[in-house]
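Heads up, there are several structures right after this.
What follows is subunit A paired twice: with subunit B in the first complex and subunit C in the second.
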Partner chain A sequence: MKEQGLGRPRDIRSLAGYGNIARRQFKNRLFTGLCLFLSILVVIPLATILVVVIKKGGLNVLSAGFFTEITPVPNAAFGTGGIANSLVGTMLLCVLGSLLAVPLGIAAGLYMAFSKRKKFCDSLYFFCNTLQSVPAIVTGIFVYTVLVKPFGSFSLFSAAIAFALVMFPIIALATAEIVKLCPLAIIEASYALGASFYKTIVKVVLPYSAAGIVNGFIVALARSAGEGAFLLFTAFGNPFISYSLWQPTSALPLTIFQFAISPYENWQEIAWGASFVLMALVLLVNIVSKLIYRKKF
Partner chain B sequence: MGQNKFPKPIKKASLNNNLSHRSYASKIASPPKYILRAEDLSVGFSGKTVLNKINMDVAEYAVTAIMGPSGCGKSTFIRAINRMHDLDDKATVSGKLYLRKDDLFAASAMEVRRRVGMVFQKPNPFPSMTVAENVLAGYTLNGISLKRHEKEQLVEENLQKAALWSEMKDRLHDRGNFLSGGQQQRLCIARSLAIKVEILLLDEPTSALDPLATLKIENLIQKLKKEITILMVTHNTGQASRISDYTAFIYLGELIEYNKTKKIFTVPKDKRTERYLSGKFG
Partner chain C sequence: MKSMMNRKRADRLFRGGLFGAAFLIPAVLLGMLLSLGIIFFDEFSEIGFQYFFSSDWDPVNERYGIIVFVVGTFLTMFLALGFSIPFSLAISIFTGEIMYGTKIATLISQLLSIISAIPSVVMGLCGLFVLTPIMQDIQLALGYPPYGTGFLSASMVLAIMILPFSAFLGREVISLVPKDLKEAAYGLGATRLEVIRYVILPYAKSGIISGFMISMSRAIGETIAVTMLIGNSNYFPQNIFGTTNTMASVMANEFSEAGSDVYFSAIVGIGFSLIIISALFSLTARKIIKNFY
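Presenting the complex of A and B:
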């Protein structure tokens, strides 16, 4: 080895030459190769799901009236009927759930980030983390017991509450984390101008953290909208388009579940189409959130 | 010079920090020649004293520099004036601070901060606001709505005061954080001037800036003292000697010496001041 070409001091060069270089390089390549192999292994199921759903459901979407007609009766002709009632249900759930969860989630996140009652905040944090990991079906049973049974009916209202319960902890935790990243310097600058805590939050902290909070909201929305379990106990499903708060409503995951396990082939087709739409929506929402996040940070 | 219009700010006797508490108290009723007075001001963090019984008057319409080695408590002192320690649970503040005749610790912190402006070491314009919005931030953050012509007037007037108008007049609607460091710092000064503060605290305003930007800020400070009292912290003795009228030397939380800048730099009374100025420590 030429010392000058490598530009290394003598003692380090001798250390670099220590051991069997070929063996070390082999181990290195083996490790890199293993990592690559395992990551491909992880991607395979996702890719397969995408391919199958697109193959089975992609075509159905193209049929006339898939987005405008309500779900068909069993054994109707292929290509008739659509998922309009589920789409309306999912949209209503998204809007109502967000209206409930966003203000509460942001408020809770701000409190966790700024309150000086550290112990209380720690328990709030723990509570949010737990709520986040509660299985959606348990949330469903809970809402069923406290809302559906006393009211005597499945309803959009109870589904929206369950929807918001799934969204809330995600938004709260995301807000708390993102708001903590707001530099102390600009918070101090705001206080130094005589601003109150409230004005500092509204005019300085929230605009600074807006992209992150929107990102948290979108992740929560995607998670909730794709979740079907709690809908079984709350929304129940509805073959017609319903805008009433107090009526059962349909939703995409619910339609997929009910139609996919049915013996009718035309229903199964609808279920594949609905799966495709749901996946496309969730994917779109995720891409948008990534774009927003990247633009900001 | 603007300074001549106002009463000569400092008398020799009151510059001596060894005056007892009582003699200070007896003077408070007299008309204020000093805009700011600290009486036995102590600040501690988690029980550890950082600033020990500072007694000091700050002259009106003059530049007063506070110098001292790192960690001596100079920033702690001016942050106390702006009630910034209220934000820290671990901070304990005792003693008295008067702005003109008003007890700063009796008033609400928000009120104090509207009268006492502060510019920080690191330029911190609000990143979500434009240049113009940054200048007006004091109003929006205090919930005061302005008419359009008032806004335009305030923006132009204060950017001009901060020597930023000629550079910024075509960029008023750009985001504040795309400016250079020096411009950002002058924007922060304009932001404080816009709410018409009575005293401007500068916490090492040039330590994050290059020499050229520093020069601009120093010239600006010289110009501003005609309309506003400036109290600045600096660890740069050269800067203190260049631009200040009075200099205080704080060491290990104590006010060691406080006098006219010329005197401190030519005939320091305390050995420690002399050693600090000659670069023996700090």
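Presenting the complex of A and C:
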């Protein structure tokens, strides 16, 4: 008889109860224990990182003016200076980047989920996946060549575009996935009541998938805000607080990177403090997204 | 009647807007390829074909070859993947099958999602602070020069960073294995290990592999943490602790030094190659996952 499906005949025989049962059960227990052990081991790097960041960075945050003063000059006294310029830069980037990426990402995701041109959508998925896996540093170089070089200056504007480009495919894919889970029955009910496609999307589909879309948005925001690679070529860094769209700006990951690899000890202290703040922000945002998601599903 | 017309127009406008946004995806990708490609091939006569075959990266003497960085990239990537595979598989099986749906599985998943949320620059900083001293001690004990940084350190940190991607997808596909298949195997008297080995893993194979593909493409693109840890020397690693450079880290390092047009084009060329590599990766992952669904 031709063997069907899974495994070779030898495997099937072993499934059928051949062999030493005690040994098989022992192997099974060993394997379960190994899985548990390896899974628990994940705690070690995570705990190390959390402890180190809190220990090295937590104290700096408490120093007066860490949130209100700009980054100090090299070799300034410990405890002077702060990260106000980077904090402002990161906040501006988050707001501007989200304003660009969220509407576009959701629209692209809706198109991928609802379009009837299946072949085209299939390739859109592929392009979206590729765009998502393009390294952030390449996105940075791309924005540098099309926006920074022609304009002649690094700027908040170019950084916001790069920020949005990192977020865009993540939001689009998340939206497409989540919108597909919307039951066909309620969509058809909406059509049957005479609602247009537009009304159905806005009044039925989007409210139904809101929690999932918000979750996708927050994942994208956290990824983008924690990524420093593209900032090297677009935001460049700025030792002063800048609100201008056309001036170089500072941002938390950029400051951490530049200060951490510098030889000045007071700068390294600032880098730890900034790491603490960045990590706290990213984790906070993640926890909020989890709460939103859980409430809905 | 008029409102009907208006609604149709609004609908068309809306659909057009959605299409426009979706069209941005291939447009941006094409724009990236074109803008980087044009700059790269503009100076290609200066850079020469040795770019893809030479291991000699010497901007001072205008010699550009990226083989060292390509090797460095794939070396760190495969090493990081090797470190993360046992953990990723164990977590996928543990949370997707053995303890599926229980509190402890949720807890482990949540810890993993925290790991995936840690910014790469913080990972790099912690790597520098925690891992480098340990590596220095080991290197001293074994008689190597104690740099502390190197592709081994970079791979270890990278392994932690890419773990969640493959573990999450692995858990998903393992939990999707049909119940009747598993129960049939249990009914035949199989132990859980045998069910996992002969039923679950063969069934979920392609999903698990594409999870690793995602991890790999993350590892290739990871920049900041690797730049901080790899040691940044433009040579092949001399030994297991050796320093080298990846494609992404050399871009981050030397971009600001690129004075001449040729130098700049050579760096942009690395970015161009990285786009091609990511496209190949997502193409392969797509082929594999297609077999699954």
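Heads up, the rule we're going with is that the second predicted complex is superposed on the first by the 273 of 297 C-alpha atoms of A that agree within 3 Å, B and C clash if a C-alpha of one lies under 4 Å from a C-alpha of the other, contacts with A are read in each partner's own complex, and residues count from 1 in each chain.
As a convention for this text, a residue touches a chain if its C-beta (ideal position, glycine included) is under 8 Å from a C-beta of that chain, and two chains touch if they have at least 3 such contacts.
This one's a predicted model, so the numbers in the text were calculated from it and none came from an experiment.
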Message: I'd like to know which partner A:S153 touches here: subunit B for first, subunit C for second, both or neither.
response: neither
- prompt: Counting only touches as set out at the top, which of subunit B and subunit C does A:Y208 meet: first, second, both, neither?
  reply: first
Field: Residue contacts on subunit A - larger count, subunit B or subunit C
entry: C
- request: For A:A189, decide between first (touching subunit B), second (touching subunit C), both and neither.
  value: first
- request: Have a look at where A:K27 lands relative to subunit B and subunit C in the superposition and call it first, second, both or neither.
  value: second
Query: Thinking of the overlay built on chain A, is A:N75 touched by subunit B (first), by subunit C (second), by both, or by neither?
result: neither
Query: Of the two partner chains, subunit B (first) and subunit C (second), which one does A:K116 touch, if any: first, second, both, or neither?
result: first
Query: Of the residues on subunit A, which ones does subunit B touch that subunit C also touches?
result: 196
Message: Looking at the complex, which residues from subunit A come into contact with subunit B?
response: 116, 183, 185-186, 188-196, 199-200, 203-204, 207-208, 210
Message: Considering only the defined contacts, which subunit C positions touch subunit A in the complex?
response: 7-8, 10-11, 14-15, 17-22, 24-26, 28-29, 31-32, 35-36, 39, 86-87, 90-91, 93-95, 98, 108, 110-115, 117-126, 128-130, 160, 163, 181, 185, 188-194, 196-199, 202-203, 214, 217-218, 220-224, 227-228, 248, 251-252, 255-256, 267-268, 271, 274-275, 278-279, 281-283, 285-286
- request: Sort out for me which residues of subunit B touch subunit A in the complex.
  value: 82, 84, 87, 89, 109-114, 117-118, 120, 122, 124-129, 137-138, 140-143, 188, 191-192, 195
Field: Residues of subunit A that touch subunit C when the two form their complex
entry: 6-7, 11-12, 14-17, 24-25, 27-28, 31-32, 34-43, 45-46, 48-49, 52-53, 56, 103-105, 107-108, 110-112, 114-115, 123-131, 133-139, 141-142, 145-146, 165, 168-169, 172, 196-198, 201, 222, 225-229, 232-233, 253, 256-257, 260-261, 271-272, 275, 278-279, 282-283, 286, 290
